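Going by the order they are written in, the chains are A, B and C; count residues from 1 in each one.
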Amino acid sequence: MSYIPHTKEQTQEMLKAIGASSIDELFKDIRPALRPRSFDIPEGLSEFDVIERMRALASKNATGLINFLGAGFYDHYIPAAVDAITERSEFYTAYTPYQPECSQGWLQAIYEYQTAICELTGLDAANASLYDGGTALYEAALMAIRTTGRNKIIMDSGVNLIYRTMLYTYTSNLSVEFVETPVAHGQSSREEIYKHLDDKTAAVIVQNPNFFGTIDDHSDIAEKAHLCGALVIASVYPVSLGLLKTPGEIGADIATGEGQSLGLPLSFGGPYLGFMACKKEFVRKMPGRIAGATVDKDGKRGFVLTLQAREQHIRRERATSNICSNEALCALRAIVYTTLLGKQGLKELAQLNYERSEFAKNELDKIKGVEVKRSSPTFNEFTLALPRNADKVVAEMIDKGFAAGFPLGRFYKGMDNYLLVSTTEKRTEEEIKEFAEALRVVI
Amino acid sequence: MNIPENLLYTKEHEWARLEGSQATVGITDYAQSSLGDITFIELPKAGDEMEQSKALATVESVKAASDVYAPLSGNIVKVNEDLEASPELINQSPYENGWFAVIEIANEKEKEGLMSASDYKAYVETLSK
Amino acid sequence: MKLIYEKSIKGRRGFRLPKALASKKCDLPKKYQRVKDPDLPEVSELDCVRHFTNLSRMNFSVDSNFYPLGSCTMKYNPKFTEKALKLEGFLELHPLLPQLLGGGMLAQGSLEVIYETERLLCEITGMDAFTMQPLAGAHGELTGAMLIAAYHKHKGSRRKYVIVPDSSHGTNPASAAIAGYEVIVVRSDKDGCMDIGAFKEKLNEDVAAVMLTCPNTLGIFNPRIKEIADLAHKAGALMYYDGANLNAMMGKCRPGDLGFDVVHLNLHKTFGTPHGGGGPGAGPVGVNDRLVQFLPISKVSKRDDGTLYLDYNNPKSIGYIAPFYGNFAVILKAYAYMLLLGKEGLTEVSEYAVLNANYCMKLLKDHYELSYDRTCMHECVFSASRQADKGVHAIDIAKYLIDKGFHPPTIYFPLIVKEAMMIEPTETESKETIDEFIAAMIEIAKLTESDPQVIKDAPQKAPVKRLDETKAARDLNLRFKGSP
């Protein structure tokens, strides 16, 4: 069974029309010497058998752990309407809207998504999406290098370590100079950044809230960077933008981030959604697909993919990026999610996240031996100092039914006793209290 | 096909108008019509140094991005800033309002390698065959 | 249709959030708070659902239309794979869970999906190992190019060039360039294959790799592919396989056996996962044993007791190319697809994909210029040059096909064919559908003679008429800016 509709008779008719005696004759260019040395694939299964096998596999994964684990990837509730709309196969089974007249639905949805990303980030223009927050940050760094003609990048170490590591991987064969600056009292160290900022600097990369969940106002850094002719790239968490100062408001030139929190399931790491927005003067340096409004022959509004001359299918080795995808289906989830939440809803959602986290901080601070780090304000994630190794505590918390957080010792030297805890709007007052009680017992 | 008499031409379809030690440069009518509607142009800055046959500008249409090469070496004296907002001038008036830049000629000898209007006309005719 | 922002009514809500714990105001200092609220739509759930439902109806899709978009393999995407994805245990799994001490044991099911998919892809392609991390085809190319760079660096040489044929996908040279290589383009010969003489001239000790699509973008299988691989290897270069066209080869031929060292596949093409308007896809990369040690971190490995874990201990690895383990949901669907089809089914896929393409080619070749008249594989490339002489271009033909209810073929690619029209019917389309498409194409060829204006005025039945792309690029309007 392979979803092939041909009857035997039709296959014969088609072969006859072609003038071939068998299907194998069509493969004559693949001489016997080039045929597979092996093709040891199991026999096919029925749909029922495959689903049963999948069920068995799914049951080997843990379900029902109460989640306090975030670290850049968050457990938010997804409204049912998001699934209902993105499952429409007119969206699902279409491809990149190369032919705009028969893809107006997709193109308008992307245009609406771009608008939402601009509104969230406070910047002028957004692209149709990139793979994920990490590759988006890498693309932003390359964009800054192209724009400024410089090759030094200053990166705050509050940027998610996974993203920082990805940037190093991608640029290992290019001549890019990275300087990493430390976090001071939970926020970006001005002193260290300014020490390295010079007329060779292409960009300063900051993250808000940073990996430790702390909030910063990077306006001063942006001002100083611009004096040196450097760009500022802000990696941001979109749900937090319902409450926090936007990249546009701090003066950032490019904003990127992981859009998973806008209606995408955690799904063991993907697919996710990289978003990117920038000031209008940099639009032509932006990678990825971009939808734009125009008119048809009768003057009626319509949408197309525009600025295509930047892209690989036209500019080939001189393109702004090699990217060919846009994570359209993920972007659709994001625009439907932000539409449902709406102007007021997104603000309230961000406040709920902030509030739950403040509540959790107070509850956890009551535990003897546990200290909440409070040097800077946080959004929905914060650092706990534990009296012993966080790795071990987390392992014991799993037995109590909690994914307790991210042990910072995994990423940061000397932080073996620190745990990063996140609370979204999904965590109830009771769950937070139970979590605190379980932690008290474990410690 | 409009090919003015008083200009010099390259095989890449650029033109140069000589005025004393300077040359105004742009692309030919043939070039603009084969590129189609031009949507954007990336120009050099005044003061930039150009080398003959090296990229001087990039023009974009909806489905293409093409380099335009410097017909002569020299420093850029000025560029046509109107093209940034109105790239269609290149299509509408390739030899007048659609000029790209003025170059201070560095090497007079290079002129000898350029084509006259009649040579260029003959060359274009071979292309359309 | 109005934009969702134009349907906004101040104060309207579309979703109810949980109650706040405290009624007191947010105590975050003002200097950290945004000044201007985002202008997001204010609509009801029904407003939202109706808006996007109506938008969806303005798209062509595989489920509603024949979609012979060459190089993109727009085959039917079986529905059961969605069911597999939604099982509790897959959808909500946090990607960092395996990083917690003992947490790997909480994700054994998902790790097994990745592990088993890698095994199957190794066998299908004849490679020794796969990484499932690349998030798309082009991302796989970049990963592959970085693996190639790591290989040469390890051998103590820093080679400068990557060779691609002039028929290659634009992503090939673009990926090579952003990995730090310069690109050498080799022309095609009269048979549509990379010119071996020209290739030999360009090949030297400074060439890091040769990137090829096989069958190539003309739908032609190069019978001299092994010779090319041998020449490349002799010069110390590696062979890169762009897997865009694997749908033509399953069970018939394996890139590993042909001499390719690095392979990327497009799960959304060959293995039936939905294309979703341009993504998400997945672009896993396979390598032979010369390159295994350079694969990205992490890797799913098996312990002696049969349990699986994430192996981070790989000092020669190129590093991290994705935040986690790839587009897991896409991998899962491709895995389910392979399990259902099995050995025989996967082989049939390629057989019928090739049958359908040859049938199209044969029945259309009296009406359109066939640039390379020989048996094709899973796709065929025509030129609309005869029609263009009468003023009807490939783009006009494409627009008329929209009125006939067919998604147009890929046009103006590959670049080496003037007025190219690249048709890939795929194996899941029936003879009746293909016959209808052929009839429409023949009708167009005839109309070109009798009434070309009708074609040039198309589309008439789409939600919009032909759009002004020049205006879109000149007067940039990339976002809604509020009502006037």
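The rule we apply is simple: contacts are C-beta pairs under 8 Å (C-beta built on N, C-alpha and C of every residue); 3 or more make two chains touch, one makes a residue touch a chain.
Since the model is a prediction, treat every value here as computed from it, not as a measurement.
The greatest centre-to-centre gap from subunit B, using C-alpha centroids, is found for A. For this structure, the chains sharing the highest number of C-beta contacts are A-C. Central chain assignment: C. Criterion: smallest distance from chain C-alpha mean to the mean of all protein C-alpha atoms. Subunit A and subunit C, compared by their mean Cα positions, are separated by 20 Å. Between the CA-based centres of subunit A and subunit B the separation comes to 44 Å, rounded to the whole angstrom.
In whole angstrom, the spacing between the mean C-alpha positions of subunit B and subunit C is 39. With touch defined as above, residues shared between interfaces to two or more other chains in subunit A number as follows: 308-309, 314-315, 318.
Residue positions 469, 472-473 of subunit C each touch two or more of the other chains.
Shared interface positions of subunit B, i.e. residues touching 2 or more other chains, are given as 39-40, 60-63. Partner subunit B is touched in their complex by these residues of subunit C: 412, 469-470, 472-474. Chain contact summary for the complex, subunit B toward subunit A: residues 39-40, 60-65.
Looking at the complex, you find that subunit A touches subunit B at residues 284, 308-310, 314-315, 318.
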